[in-house]
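Following are the structures in question.
The two complexes that follow have chain A in common; it is paired with chain B in the first and with chain C in the second.
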Partner chain A sequence: MSRIVLARLGVLTGLLGAWEIWAARGNPLLYVPPSRVVPALGRVLRLEAYPTLLSHLGVTAFEIVTAYLLAVALGLALGFALGLPRHVGEIYEPLLAALYAIPSVVWYPSLMLFFGLGSASKIAFGVLLGFFPVVLAVLAGIRAVDPHILTVARALGAGPRTCFVKVVLPAITATLVAGLRAGLALSVVGVLVGEILGARRGLGYLINDAYGRFRTADYAALALLALAVVLIVDAAAAWTESRARRWTEGAAG
Partner chain B sequence: MRAVTAPHIEVRAVAKQWRTRDHPVPALDAISLDVAPQEFVTVLGPSGCGKSTLLSIIGGLAVPDAGEVRIAGRPVSGPDPRQMAMVFQDPGLFPWRTALENVEFGLELQGVPAATRRERARALLEPVGLRGFEARYPRELSGGMKQRVAIARALALDAPILLMDEPFGALDEQTRLLMGEWLLGIWARTRKTVVFVTHSLQEAILLSQRIVVMTARPGRIKASFAVELPAPRDLDAAPAAALRHALWDAIRDESRRALDGGA
Partner chain C sequence: MTPARRRLIQVLSIAALLAAWEVAARAGWVDPLFVPAPSAVARAVGSIGREAVGLIGETLAKTLVAYVLAVALGVGAGLAIGGVRYLHDVLNPFVVALYALPKILVLPWILLAFGLAATPAVVYGVLQGFFPICLLVAGGVRDIDRTPLRVARSMGATSGQLYRKVILPAVLPAVLAGMRLGIIYCLLGVLVVEMFGGIRGMGFLLVTFANAFRAPELFAATALVSLLSIGVVLGLERLNRRLGHWR
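Let's turn to the complex of A and B:
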């Protein structure tokens, strides 16, 4: 094991220890030490605390996947529609970046009004959050394509479609994949936050419910579960990204 | 078939303006030029005289405002990789493709089967001294190597015309001379019609059968010099020196005008 990993484990152990000591002195209703979270996590995972946990997780997974697929589809479509025609992207990019800069939670109340309390508003929020990194990555990627290699491709006989498939797409892959990964993380956040802010099903709903009923240990256990969801999703994204990077090796040169 | 004496490339009264923010800049003014089959012509001129524009128009990458270009008697209406291959000062390699895959690009577009084009690309990289570098990416190659890959990529099209826009302009002097010799070797073997744009008198004298000097912007043909020096050419020998003087006389005023007007 490398020194870095050892050091990380050391830091983690230190933090958990500090948490244990610190939580033991506080109000047990608000502060849960790891020694209480671990058994709670065991009960959650054995489906004792929440017998319907799997169906809640299924709802959340469905919302994340739907939100992300929609975010990618919309992001790619709008990105290419705005980015490929000359100068159009330059017009819209600052606008999109400005919208992106608005704290997205401010949109959520209106999404609930439009889409109701069910899955639709969570999906909409996940789409809204995941969409921006994708569209901005497409625009940035297209803007960074060296016009000279497009000229070269034309001279070698490439028409507009071939230029798109064989030059633009490979040239923007690295940027695009980074944007797709950021979008995925944000879609997950959007769905979970949406569930926490108001839902009747899903992991976020359980988290909010546990906290609302002062089941603090369950709350912490569920938060760890949410963390696991995020980590798994991100690991999958990282794996895909490294594959894509290998595929476009040299794009940075 | 056309008679051998008919020009391979005919440039007829081509004019071109570039539209800039303030005002149109005339780049070419009614320029005409004939290039015979298998001829090696160098277009020499001060920077900004429109020689690159001329080459883009011949290659079908830019559309002239007036006049026309004919290749083997047919008007040019766009890039035609079966007739013309182009090489630019910036090699413009595709960074996500290996050297070999770069050379294959044009063949790929023409639908040549993978095995065939791989073999042809390999056969082109070997004589340019890039054997063993087939799997390298452009960022792993030196400037001279990149340009050789770019030339191999152009040669892979096996077009009868080679248009070269200051292809060695970004290379150091020694590499430039070696690449020139290497290009002459290729030309001697393949006998392509070559139009070679440069601002280097030395390069023009070493390479060409004919040197065409352009005026400062808007570009026109100012003078044409036949180069009848035996190979290998010695730049220090008397005939080369005389030619150099004549070229310099022709180009000096234009360079000065370009300097005055170009600021």
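Let's turn to the complex of A and C:
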């Protein structure tokens, strides 16, 4: 086990070292070695490079949270509307799957046209990306509910409401929570993609601005900051997922 | 419900949606500046057709190059990581992490480093396509049932026979699943670069129409790219089924 961790560290160190050596020989405007990224990251974090960093981060956070909440609400509503009645999902799920086969970014110019270059178009794109995994998870979860248990519950006198709360909901929770986590990751990506493709505020805008002015070290530092945001969000989602899983396993057992 | 009946309801639903949209646009319930009627979009398909066909060709050419590279690298790496336990233990966390991280963050740098022609689109397309392919293939290889392998070996199969008759058929579904998912990611990567870098192709055309508020043309171009993408994925699925029979 520890040998494997050591090997992983070795791979990481090797990659960083190779980059350091490679970057030292290249054009400094293009190739930023790790030794220059670390000080740049320090300046960014101390708000020296971008004094307004926090307000831009706030804009991005607002867009992500709004997009995700809307994506979850829409995804749950559509998922249950398609999944609970018999046959409806059978008919419309293939259409949904066909939409999923379209590279999402195709929709972004239309969203730009509808919502302009402000936060609304980023939120809309975050909703669009985050909503699919939620719908698909609800549909997959409902399909996996054991029909025998439902029959038994009904035979014992459970109404549709009791069936939903006591049978369907616990059975789909694990799938649903995985879908909610994937949706969150995609909402974050959607907002970042939208901001980088064109915005006036937000973390993506700063990244674009740094790149446009050839402040490559700052660009790398901001990109690392964005990665940190993504990792923290995902770690929080993973923690929630494991809690939910334990809850359903407890309920089942 | 029979498949034919299901298909009929699907087609009717789409037709009803288009009809309702047409009525809404003609009656002025939606602003035609933003939501043009389907008939106006259909006319726009005719007017942009010639230009779009050329640009679709350019976008597809870049996607194809990126796809071939992503499949070659992704399947190779996936077979290695899925097949060799040590490699899996050491490298898999990196692949999972890189798969999950938003690649868009390196896009500005790729444009800076690779210029403004077809190269950055191909590089970014490979970057998008590589990780999902690699992960799917590696996962598929790891999940292979090892019993037939042991049985065939104990019955005296040569390594060539083992490879052709046991390993290849067992690995194929994972490879094909990776290939199906990979094409969407490669196309996405190429389109993003065209949009962001203003590089000739359908991505740039979409952004141009959006910035010029030419909604009918924008919708027409969006529909063309969407249909193209669905067509490619369905084609790959059909190929999958063919190969499934062969197995």
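Convention: the second predicted complex is superposed on the first by the 244 of 253 C-alpha atoms of A that agree within 3 Å, B and C clash if a C-alpha of one lies under 4 Å from a C-alpha of the other, contacts with A are read in each partner's own complex, and residues count from 1 in each chain.
By definition in this document, a contact is a pair of C-beta atoms (placed from the backbone, for glycine too) under 8 Å apart; a residue touches a chain by one contact, two chains touch by 3 or more.
Just so it is clear, the model here is predicted, and its values are computed rather than measured.
K.L.:
Contact-wise, after the overlay, does A:30 reach chain B, chain C, both or neither (first, second, both, neither)?
P.N.:
A:30 sits against chain C, while chain B stays out of touch.
K.L.:
So, does A:20 touch the first partner chain B, the second partner chain C, both, or neither?
P.N.:
Neither partner.
K.L.:
For A:107, decide between first (touching chain B), second (touching chain C), both and neither.
P.N.:
Second partner only, chain C.
K.L.:
Check whether chain B or chain C contacts more residues of chain A in the superposed model.
P.N.:
Touching more residues of chain A than the other partner does is C.
K.L.:
Thinking of the overlay built on chain A, is A:241 touched by chain B (first), by chain C (second), by both, or by neither?
P.N.:
So A:241 meets neither chain B nor chain C here.
K.L.:
According to the stated criteria, A:87 is in contact with first (chain B), second (chain C), both, or neither; which is it?
P.N.:
In the superposition, A:87 contacts chain C only.
K.L.:
Between chain B (first) and chain C (second), which, if any, makes contact with A:7: first, second, both or neither?
P.N.:
second
K.L.:
From the superposed pair, tell me which chain A residues show up as contacts to chain B and also as contacts to chain C.
P.N.:
none
K.L.:
Taking the complex as given, what residues does chain B use to touch chain A?
P.N.:
Against chain A, chain B makes touches at 59, 61, 79-82, 85-86, 88, 90, 92-98, 105-106, 108-110, 137-140, 150, 153-154, 157.
K.L.:
Hey, which residues of chain C end up touching chain A in the complex?
P.N.:
Within the complex, chain C contacts chain A at residues 1, 6, 9-10, 13-14, 34, 86, 89-91, 93-94, 100-102, 104-109, 112-113, 184-185, 187-188, 191-192, 195-196, 203, 206-207, 209-211, 213, 215, 218-219, 222, 225-226, 229-230, 233-234.
K.L.:
Touching chain C in the complex: which residues of chain A?
P.N.:
Listed in rising order, the residues of chain A that touch chain C are 4, 7-8, 11-12, 29-30, 87, 90-92, 94-95, 98, 101-110, 112-114, 185, 188-189, 192-193, 196-197, 207-208, 211, 216, 219-220, 223, 226-227, 230, 234.
K.L.:
What residues on chain A touch chain B, complex-wise?
P.N.:
Counting only chain A, the residues touching chain B are 146, 148-149, 151-158, 162, 166-167, 170-171, 173, 248-253.
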